[in-house]
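Look for chain A in each of the two complexes below; its partner is chain B in the first and chain C in the second.
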Partner chain A sequence: MQRIGVFVCHCGSNIAATVDVAKVAEMALMEPGVVHAEDYQYMCSEAGQAKIAEAVHEKNLTGVVVCSCSPRMHEATFRKAAERAGLNPYMVEIANIREHCSWIHKDMEEATKKAVILMRAAVAKVNLNTPLKEGESRVTKRALVIGGGIAGIQTALDIADAGYEVDIVEKTPSIGGRMSQLDKTFPTLDCSACILTPKMVEAAAHEKITIYTYSEVEKVSGFVGEFTVDIRKKARHVDMDKCTGCGVCQEKCPSKKAPSEFNRGLNKRSAIYTPFAQAIPNVPVIDCDNCIKFKTGKCGICAKVCQAGAIDYEQQDEILTEKYGAIVVATGFDTINLEKYDEYAYSQSPDVITSLELERVMNAAGPTHGHLERLSDGKAPKEMVFIQCVGSRCSDDRGKSYCSKICCMYTAKHAMLIRDKYPDVNVTVFYIDVRTPGKNFDEFYRRAVEQYGVNYIKGQVGKVIPQPDGKLLVQASDLLDNQQILKEADMVVLATAIEPNPDVRKIATMLTASIDTNNFLTEAHAKLRPVESPTAGIFLSGVCQGPKDIPETVAQAGAAAVKAVGLLAKDKLMTNPCTAHADELLCNGCSTCENVCPYGAITYEEKEVNDHGIREVRRIANVNNALCQGCGACTVACPSGAMDLKGFSNRQIIAEVDAICR
Partner chain B sequence: MSIEKKEFRPKIVAFCCNWCSYAGADLAGSSRLGYPADVKIIRVPCSCRVNPMFILRAFEKGADGVIMCGCHPGDCHYSTGNYYARRRMTLLFSMLDYIGVENGRTRVEWVSAAEGVKFSDTMNEFVEKIYSLGENVRLGDLRCRS
Partner chain C sequence: MQELKDRARELLADGTVKRVLGWKIGDLPYNPEPAYFETEESLKDFVYNGFCGANLSKYMIEASKLDGKTMVCLKPCDTYSFNQLMKEHRVDREKAYIAGVGCKGKLDIEKIRKQGIKAIERIEGAGICDEAETLKIQTVYGEKTCAYADAMLERCHVCKGKEHKIYDELIGESKETADADRFDEVAAIEAMSPEEKFAFFQKELSKCIRCNACRNVCPACSCRKCVFDSTKFDSSQKANVDSFEEKMFHIIRAFHVAGRCTDCGECSRVCPQGIPLHLFNRKFIKDINELYGEYQAGEDTGAKAPLTDYTFEDAEPSIVGKRG
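So, the complex of A and B:
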C-alpha cells in the first residue's frame, strides 16, 4: 500500500477563488492510501516545495499528488522537489485543477466537486505508480538549420561560434532569404544588402558551417540528440568545384524569358542563373523548365562558353544522410496570394504592386535600376497611394486574422524614402491603425508625417479602378472626416500580409513539430519557452514562429542558437522512462507491436521463460528503451495484452476512469 | 415518502493526448474559455494509447459520454499514432452504436495545442449533445449507479 501525500495549491487566488481548496484537502484524506493532505498558497514556491519534502520525511510518503496548475507547467518542478526529498520523481502525479477547473468554471460548488474528482483520479493513479528510472542517450554534436535567410544565418553563426558544427539547408540557389530582397531597413534606413552580405560571407567562410543551397530536407527520423536527416541536393547542372562564377554562361544564355524570382517576377532572367549578384555560393543553376537544351536537346551554349568546363547536363539529384543533435527551423515567410483581393486591381494593372515588389523597384539592382517608375509605361509617378492591411487583420477567410506586424513600419519607410528622393511626388497612406511599438518606431513614423509630409488618412480603400488613361482611381472612405474619397493615383502599393513559407507544413510534419491554424510553428510555451518547439530538440528561429521584423528575428535567432548549443554541450541526455515493455508470459510473439511501432524499437528474441513451472523457449517482444518514445501504439495493438506502458499503464488509466465515473 | 427527483448531470470522460489536445485544453483554461464541469480530462501520451477497453470501462462505470482528442492527422507527435486511434475508434464506435450506445455519446476530435477555442467549443457542443441524449443505461453496471 502506498503512503500518499496530497498537496493542494491556492495559486494565489487563481485556484482558491473558485475552488474550496481546504475542502479538497479534507476530502483527500478519505481516499485510499492518503496519509497526509494540506493546502498552501503557492506550492511551486520554495516554501511550498519544502512542505512536500517535510511531509515526505515526516510521514514516510511513497507517493505525492499535487493539485495545482497543468503538469505541462510544473510537473518537472514537483518531480525535482520530490527527488530532492529522496522520493523517486515518477511517484508524483499532478491533478490539473487550474487550467482544467478553476479557470474555466465560475460556480464554486461545481468547481470544488470537479477538483475533488480530479484529485481522486490522480490519487488512484499514484496508488499504482512504480518508481521509474531514466535511461541515457547520446548527443550528436552537430546542428541542422533549415532555411538560409537572416534567421538561419544568424543561428548558424552563433552555434558555430560556440564551437559546434552546423549545416544550413537552403531551398533556393543562394542563402540570403527575404532580407536580401529588401532595399533599406527601418528605422535606421540602413542598406539591407550592406548589413546582410557580410553575414552571408562570414557564414560561407566559417570553418564550422557547411551550406547546402538548392537543397531540401527530405526525411527526418530519430529524436532529440540523434536525428537522422536525408537532404536532397537538387541537381544544379553546374559543378560547384569547377565553376569560377565568371557569369559568361548567364550572359550568353539565349533563353531569357523566365520571370526572376528574386525580383518578384518584375523582370526576366536567363535559364542558367544566379538569383542576384552577391549570391552565395556564386554558382549558377540551370532552370530545366526554361532551358532550351533540356527542352529540345539543342543548344548547349553555356557548356561551350564555360572556360572551366563546369556545366554538367547529366548531373542528378544527390541524397545525403547526416546525423544531428539539434534542428533549428528558420523557414521564414512569403507574402500571401492576392487573387482573393481583386478589388485592388493587382492582377489588372502592372502599376498596382506589393510592398515587396516596391522594394525591388527602389533597389539599384532591381528591374528599374532603382528609379521609381510605373511598370506599365516607365513614367515617373506623381501620386502614390499606399494601402495598409491588405489581407492582415482580416475577419473573413479571404485573409489572415493576425497583424503582419512589419507593414506599418515599412510603409512609413517607403513613404519617407520616396518623399526624400522625389520631393514632388505626393504620398498618401490609407490605414486602419498605425501600429508602431518598438524602439524608435513611433519617432520614425512621426518623422514621415511631420518632416516628410506624408499624407496619412484613416480609412479603408474599397476599390482601385484602372482608368483608360492609365491612371488608377482609388475609391476610399475617410473615417475621421466621415466622407468618401476619390483619388487619382499613378501607382498603388499594397501592404500585403505575410504568411509562413508554404513548405513549413511539410517540414513540421517531418519533424513532428506542432503548427497552428495559420501555419506558424507553435512554441513550447508562449511566454517562457518562445524559441523551442514542444518537440524536444527542435528550435524556432524567425518568422516561422510568428511575424517579426529584422532585429527581433536576429534576437530570436541568437536565442534559438543558445538553446541548441545548450543541448549540444551535453554529453548525454536523460531519456523518458515511460517506455513500453512486454509481459513475457503473455506475449505470443505475433509481431503486431513490431509493425505499429513508429521507431522500430521492438525486436523479437528467442527467450527461455518459466510459465508456471514449465520452462520453454518462446519468441518474445523486446523493447529497446533508448528508441521507444512512449506513445503506446503497441500497447493497444497487442492482441494478448502483453504490452503495457510504464507511467501510463492499463491499470493506472482504468483507475483514473473508475475514479472519474465513481 | 417522496421520491427526490435528481437533476441529470452527465459523467463525461475526455482522453487528451499530451502534445496537442491536452495543451489545447490548457490554452482554453488560460484563455478562460469555459465549458461545463461535467467534462473530466485524462492525460495520455498519444491518442493511440487509448485502449478501446478504457472506453468500454468508462461506459460500464456509468459514463454518459466519452470523447477522445488527439493531434490533427499528419501532426501526431509520434508521426502515426492518431491514424491508429482513428481506425480503432471508427470500429469501436460503430460496434458501440450496434449494441445501443448511440454514436452521439462517443466522439473523436482533433485539437491542436493552439486551438483553445476549438477545445472549448467542442466540449460545449459535446456536453449539450449528451444532455439531449440523457442518461446512458445501456452498458452501465447498475451497481455503480447511485
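So, the complex of A and C:
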C-alpha cells in the first residue's frame, strides 16, 4: 500500500477563489492510501516545495499528489522537489484543478466537487504508480532549419557561429524569403536588399552552413537529438557545379509567359529563371510546366547557349537522408487569398493591389522599375487609397481573427515614401485602429501624418467600384465625422492579412508539432517558452509562430538558435522513462503496433517463451526504449492488450476513470 | 464434392499434405462440423455441402504449428480471413495447401425452421454439385420443399464475390448469390433516432447468454489470451452494474476487430440466440469506407489498413466524432 501525501495549492486566488481548497484536502484524507493532506497558498514556491519535502520525511510518503495548475506548468518542478526529498520523481502526479477546474467554473460548490474528483483520479493513479528510471540517448550535433527567409538565415547563422553544422532547406530556388521582396523597411527606411543580401551571402559562404534550395522536407522520423530527415532536392535541370550564373539562358529562353513569383505575378519571367538578380545560389531552375522543351520536346535553346554545358534535361529529383539533433521551423508567411473580399475589386481591376505587390512596384528591380504607376495604363496616380485590415481582425470566417501586426507600420511607410517621392500624390489611409507599439514606431507614424500630410481616416471601406474611365470609386465611412465618403482614387492598396505558409500544416504533421486554428505553430508556453514547440527538439523562428516584423523575427531567430544550440551542446539527453513494453505472454505478434508506431521503435523477434509450462517460439514485439517516445499509439492499437505504457498503464488509466465515475 | 475428396486422397497419399482440414458429417443432416482428416480411410466421413458454412481459416493458426502441410478447404469468403490472418502473422502460408472450393451460397437451418419445417430427417438439393433451385426436405411429417435462395444465410445474399483471394488450386464451381446491398441493414439503423437505436440494441443484446461462440469462431478474435479471460485486465473480474454492462462485451469486441473484420459473418451464423452481431462490424466497415475510402480487410496482404495507417487526406477526428 502506498503512503500518499496530497498537497492542494491555492495559486493565490487563482484556485482558492473558486475551489474550496481546504475541503479538497479534507476529502483527500478519505481516499485509500492517503496519509497526509494539506493546502497552501503557493505550492510551487520554495516554502511550498519545502512542505512536500517535510511531509515526505515525516510521514514516510511513497507517493505525492499535487492539486495545482497544469502539469505542463509545474510537473517538472514538483517532481524535482520530490526527488530532492528522496522520492522517485515518477511517484508524483498532478491533479490540474486550475486550467481544468477553477479557471473554467464560476460556482464554488460545483468547482469544489470537480476538484475533489480530479484529486481522486490522481490518487487512484498514484496508488498504482511504480518508480521509473530515465534512460539516455545521443545527440546528433547538426541542426536543420526549414525555410530560408530572414528567420531561417538568422537562425542558421547563429547556430553556425556557435560552432555547429546547420542545413537550410528552402522550397524556392533562392534563399531570401519575403524580406527579399520588400523595397524599404520600417521604421528606419533602409533598403531591404541592402541589409538582407549581405546576410544571404554570409550564410552561403559560412563553412558550417549547407543550403539546399529548391528542396523540401519529405519525411521526418526519430526524436529529439536524433531526427532522421529525408530531403527532396527537386530537379533544377541545371548542374549547380557547372553553372556560372551568366544568365544567357534566361535571356535567350523563348518561353517568357510564366508569371514571376518574385514580382507577385505582376510581370512575366522566362521558363528557365533565377527569381531575382541577387538570388543565392545564382543558379537558375527550369520550370518544367512552362518549358517548351519539356512540353513539346522541341527547343533546347538554353542547352545550346550555355557555354558551361550546365543544362541537364535528364536530371531527376534526389532524396537526401540526413540526421539532425534539432529542427528549427522558419516557414514564414504568405498573404491571404482575396477571393472572399471581392468588394475591394482586387480581381476586377489591376489598379487594386496588395501591399506586397506595392513593394514590388516601388522597387527598382520590380515590374515598373520603381516608378509608381497604375498597372492598367501606366499612368502616374494622383489619388491613392490604402485600406487597412483586409482580412485581419475579422469577425466572420472570411478572414483571420488576429491582427497581422505589420500592416499599420508598412502602410505608414508606403504613404510616407510616396509623399516623399511624389509630393503631388494625395494619400488616404482608411483604418480601424492604428497600432504602433514598438521602438520608434509611433514617432514614425506621426511623421507620416504630421510631416508628410498623409490623410488618415478612421473607418472602413465598404466597396471599391471600378469606373468606366478607369478610376476607382471608393465608398467608405468616416467614423469620427460620422459621414459617408465617396472618393475617386487612381490606385487602391489593400493591407492584406498574412497567414502562415500553407505548407506548414504538412510540416507540422511530419514533426508532430502542434498548430493552432490559424495554422500558426504553437509554442510550448506562450510566455515562458515562446520559441520552443511542445515537441522536444523542435524550435520556432519567425512568422510561422505568429505575426511579427523583421526586428522581432530576427530576435526570435536568435532565441531559437540559442535553444537549439543548448540542445546540441549536450552530449547525452535523458529519455522519458514512460515507454511502451509488450507482455510477451499476451502478444499475438500481429505487427499492428509496429504499423502505428510513428518512431519506428517497435520490431519483432522470434523468441522462446514459457507460457505456463508450454515452451514455444513466438513472434513477439520488442520496443526500443531509446526510440520510444511514450505516445501510447501502440497501446490503443494492440488488439490483445499486450502493449502497455510505463507510467500510463491501462490499469492506471482505468483506475482514474473509475475514480472519476465513482 | 467427389472431386474434392479425390484430391484430398491424392494429396494425402503422395505426402504433399499431412492432414486435410475440412468438414465431417454431423449427427444431423444439417450440422457438418470442421474436422481434420489424417488418413485416406478417415475421408469417408468427409463432406462438403450447403451446410458447410464454417470458416476454416482460424483453425490454420493451430495447424500452422503442426508438422507438415495442411490441406485447408476455403470458400471464397474464407480466403479473406486467411489473408487477414497472414497479414497479422498468425498463419503460416508455407504450412497451408489451400484448396479453393466452389460455393453456391450456404444454408441457414434457422431460415428453414422459420418456414415451419421441423423434425428434419433428410435434405436433398444441398449438395454442392446439385443444381437444385429447391431443397427437398424429408421430415417426420412428410416431404416439404423450400427454395434454396430462401434458405440461404444472410451473408450470402450480400456475398463479396466468388473469387478466391488466395489458393493453391481451385476445385468446384461457384454461383453468384448476391442480391442485396451489404450496407442496407446498417443504413436502416443509422436512420433511427438515438432512443430507437438504444432500444434496438438493448433488445437484441439482452438475448446474449455470453456463451462466447461469436468470439471463439471469429477469425479476427484470435488473441492468445482474450482480454475478457485475462486476470490482467479488470474487465474479466468486474461485477455487472446493470444488465447492459455485460453487453458492452459485444461493443468492445467490435472495436477490437474494427478494421480487421472481413465481414465473414460467422458471428451471426453461430449465435445460438440469433443476435445479428455482424451489424456492429458492418457499421465500422461502412464508416471506414466513407471516412477513409473503400477498404476490404483480407482482400490482399499488402494494403495498409486505414485504422493503422496515416495519410494527410485522413478525416479529421472532429469529423469522425460528429458522425457519432
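By our rule, the second predicted complex is superposed on the first by the 625 of 662 C-alpha atoms of A that agree within 3 Å, B and C clash if a C-alpha of one lies under 4 Å from a C-alpha of the other, contacts with A are read in each partner's own complex, and residues count from 1 in each chain.
Just so it is clear, a contact is a pair of C-beta atoms (placed from the backbone, for glycine too) under 8 Å apart; a residue touches a chain by one contact, two chains touch by 3 or more.
In this text the structure is predicted, and so the values were computed from the model without any measurement.
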item	value
First, second, both or neither for A:596, with chain B first and chain C second	both
Touched partner set for A:637, first chain B, second chain C, both or neither	both
Contacts of A:509 with chain B and chain C, given as first, second, both or neither	both
Partner chain(s) touched by A:105 [first = chain B, second = chain C, both, neither]	first
First, second, both or neither for A:586, with chain B first and chain C second	second
Which partner, chain B or chain C, touches more chain A residues	B
First (chain B), second (chain C), both or neither touched by A:648	first
Contacts of A:121 with chain B and chain C, given as first, second, both or neither	first
First, second, both or neither for A:662, with chain B first and chain C second	first
Which superposed partner A:574 touches (first chain B, second chain C, both, neither)	neither
Where chain A meets both chain C and chain B, residue numbers	509, 596, 598, 637, 650, 654
Interface residues, chain A side, partner chain C - complex	506, 509, 583, 585-592, 595-596, 598, 604, 611, 616, 619, 637, 639-641, 650-651, 654
Of all residues in chain A, those that touch chain B in their complex	70-73, 96, 98-101, 103-107, 110-111, 113-114, 117-118, 121, 508-509, 512, 514-517, 522, 534-535, 578, 596, 598, 629-633, 635-637, 645, 648, 650, 653-654, 656-658, 660-662
Chain A-facing residues of chain C, complex	65, 87-90, 220, 222-227, 230, 232-234, 256-257, 260, 304-305, 307-310, 312
Complex interface listing, chain B residues touching chain A	11, 13, 18-20, 22-23, 25-26, 28-30, 32-35, 37, 40-46, 48-54, 57-58, 61-63, 71, 74-81, 84, 88, 112-115, 120, 144
